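Naming follows writing order (A, B and C), and every chain is counted from residue 1.
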Amino acid sequence: MLTPALLWTLAFFIMPLVIMATYSLWERAGMTLVHSLSLTNYEKFFDKSYFIGSLVNSIEVTVIVTVVSVLLAYPLAWILAERVPRRWQRLALILAILPFWTSYVVRSYSWLLVLSEGGIISNFLLDLGLTQNPVSFANNRGATVVGFVHFFVMLLTLTIYANLAQLSPSYRKAAADLGAGPMRIFIYVILPLTMPGIMVGAFLTFVLCIGDYITPQILGGNRELLLPQTMMLQISRRSDFPMASALAMILMAVVSLVYIACARWLKLDRI
Amino acid sequence: MKALRNVSAALYVMLLYGFIFLPVLVLITFSFQESRLPVPPFDGPSFKWYQAILHDRRLMEALSNSVVVALLSSAASVVLGFLAAFSLARFTLPGSRFLQGLLTAPLTVSYLIIAMGLLITFNEFGVPKSLLAIGIGHVVINMPLCFAILYSQMGEHQHNVERAARDLGAGEWQVIFLISVPMLWPALFASFFLSITFSWDEFIIAFMVSKFDVTLPVEIWSMLRSGLNPKTNAVGSLVFLVSFVLVLFLELIVFRKSRS
Amino acid sequence: MTVPAVQFLNIGMRFGSLAALTNINLSIDEGAYVVLLGPSGGGKTTLLNILGGFLQPTLGQVKIYGNDVTDIPAAKRPTATVFQDYALFPHMNVASNVAFGLKMRKLPARERRERVDRMLDMVGLGHADDLKVHQLSGGQRQRIALARSLVVKPGVLLLDEPLGALDMKLRRQMQGELKEIQARVGTTFVHVTHDQEEAMAIADTIVVMNNGSIEDVGIPERVYLKPGSRFTANFMGENNIIKGRVSKSAGDRVAVETGHATLQVAGTAAVDDRVFVSIRPEHLHVNPGEGRISLAEGRVIDSGFLGTHRQCTVWVESVEESFKIRLTQTQILAPGDTVSLYVDPVDAVLLTD
């Protein structure tokens, strides 16, 4: 009974990973592959600023997105959990998720409508007389960040809210009873106890963001590429499966490192 | 002091919700644009772009492809996930922990990497790019989810009821179909629904392993090549509307029933 | 005349249209162990929360050592609370938990350390300071919660059903320990519970509460043996309530005609008043004796051995009522046996409500 699921996982998940790992050690030569094992692809990665640059870009963007999203999401989660009457909380959450019920591709596209030359913001500035010509805010790193933050603020609001909502009100009462004012209750009790929610959300944000091809491709322009875009180029433009595989392995390594760091951090602070 | 806090809280919430809703509102508004560019000024309302989608054969095909792939791959995911969860929960197998980890491992890997892996593997073994390939990929990403949800629901209570059934003479498959499946109905439904949601909107796997027959997100992607276009707005708005109606339907009819 | 530790003056509490507390007037002496006793929803926890500063009363005043604290928030009141679920901070170890209140009062680290160590020793957990909360048993958590509240030397210590989560044996043990600790530190304790045996075991004064009002206040012996109201009589333990009519009234004694016998009981009432008489099961006897009068004849319908005594239910046909009685371990009566009931009127309590 277990076997179909196991076989599927082995055939279509494990095997492809193994094949990719193998490919990463081969080289493309014209239309064929050189089947001798070598680390050339990895060397190329560290040599060419083009490659390693895209990883650096990805990490920079992902870190910025994660930090900004956490900072924006926490107050919102707090207000929803603490200030909004219980009856309306569910509705407020559903409302926050609602705009993401359209296709992820279309969602990123809609930021073009806002940020492009002639888009909403451009028009707004023109109408206010703050500028003479249409301005574009798209096709750069900023637009990519905005597009990502838009999505991940929602995700983090949910994880942090979930954490806040299940905190026993007794902790707050006990801290107050022992003399802590609202600020100190937050610093010494609430914040530490919501760290799991923040960490889980931040980790999800990091992993989903760094592996996303859609948003940077739509909003990022051509000047600065992120790792997923570089990976796709190896496949679509150059049919260089080995190089793409090597990049995939590197991406997996980065994500694994972050996972280990988060897991260790969460264990240290075990509740 | 309290009033100032409440006002700033309200302001913050409004700003953030405004930020969250801005692109979608723009999307929907300009899907009714009369002229060619979905940017201000608004000169609608016009339904011509919606008519254009409905008459776009490729788009409609992609839509039905998405539905088929979503339904079939989700069904497969739920069935495989259920069988796996059932056997791991009911029978003590060696290396149970390891098997659990193995089955849920795909949840930890980026879709992009799974997509690339499948592309290279299919290429290596001569499997053609097709809807079937997309379906296979979607089972890879959804089955772990179904497994995790169903496994978590197969607790002691469930086990005892099954034992009672066996005690009364039910055979293995009877236990499964007459007891386990009905009792797990909410979890089965939830995993099926979640799988459909993920499959329906999934882009990168579909993009990489399909060629001529594509799913809706891939078709929309190619529409993006024509830049800002109200037709794209219309497709996006339609998808949004369908999702909204579906969730409303579920909320009112399915969940109301279970609550009463 | 020393200032009472706590005074509740005309306290009223409404939640919307629900009146949780009505006209509460209560005074608690310094150093006393007071138990607020009553069923769930009776208002005792509400009153405790008002004392602790977690709730603002709709009406009335709260004074602690003569100071009006009604408008003062919990953080600034001289009270400390032991919560029902202990509310120990899961992300801090035992020492940090206990030190929290001292840290909020900005005590220097060394002094904090000393006081925490001494307090942990007092509750018998001197070795536990590095442990995390999840490593402690239920009883240990209870003591840490107590330590955390006591270490700040509060004027009044509040305990909200502190022993509810413990099993019977541990509960009994902790009751003794709480009493002992209270005697040692001398702090005024206000303890909320729904367990009347617990109340009698530890309280100096019991305050019986029901439906937002105070039913009775007194020492355990008095509240049990001479309850002031029907509710108190029923709540404090097994009880037989007999209906009757006052036939004679003179000074502080009345004669009550029940369906069985006329009882001379202490109390005041007017002639022809409809009253109740409460008799505890252990005060109904099956043999005549000094001072006893015959009460009724009946038939045993139920008999159970409860370890320390035997309890029987006797059905009295003439008034169509059943009586609960207690027998010694060796007295044996079986269902179907006829039995005569005797009572010493001195044990009967007049209830006029």
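By our rule, a residue touches a chain if its C-beta (ideal position, glycine included) is under 8 Å from a C-beta of that chain, and two chains touch if they have at least 3 such contacts.
These numbers were taken from a predicted model, which means no experiment stands behind them.
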Worksheet item: Out of curiosity, which chains are bumping into both subunit A and subunit C?
Response: none
Discussion item. With centres defined by CA atoms only, which chain is the most remote from subunit A?
Written reply: C
Worksheet, complete the sentence: Separation of the C-alpha centres, subunit B versus subunit C, in whole Å, is 57
Discussion item. Could you work out how far the Cα centre of subunit A sits from that of subunit B, in whole Å?
Written reply: 19
Discussion item. Among all residues of subunit A, which ones touch two or more of the remaining chains?
Written reply: none
Practice prompt. Can you check the complex and tell me which residues of subunit B touch subunit A?
Written response: 6, 9, 12-13, 16-17, 19-24, 26-27, 30, 37-41, 80-81, 83-84, 86-88, 93, 99, 102-103, 105-106, 108-114, 116-121, 123-124, 136-137, 139-140, 143-144, 147, 201, 203-204, 208, 216-217, 220-221, 224, 228, 232-233, 235-237, 239-240, 243-244, 247
Discussion item. If we count contacts the way the header does, which residues on subunit A are in touch with subunit B in the complex?
Written reply: 1-2, 4-6, 8-9, 12-17, 19-20, 23, 72, 75-76, 79-80, 83, 95-96, 98-99, 101-107, 109-114, 116, 118-120, 123, 150, 153-154, 207-208, 210-214, 218, 228, 231, 235, 241, 244-245, 248, 251-252, 255, 259
Worksheet, complete the sentence: Note: in the complex, subunit A contacts subunit C through residues 168, 170-171, 173-181, 184, 188-189, 192-193, 269-271
Worksheet item: If you look only at subunit C, which of its residues touch subunit A in the complex?
Response: 52-54, 73-76, 79-81, 83-91, 100-101, 104-105, 132, 134, 148-149, 152
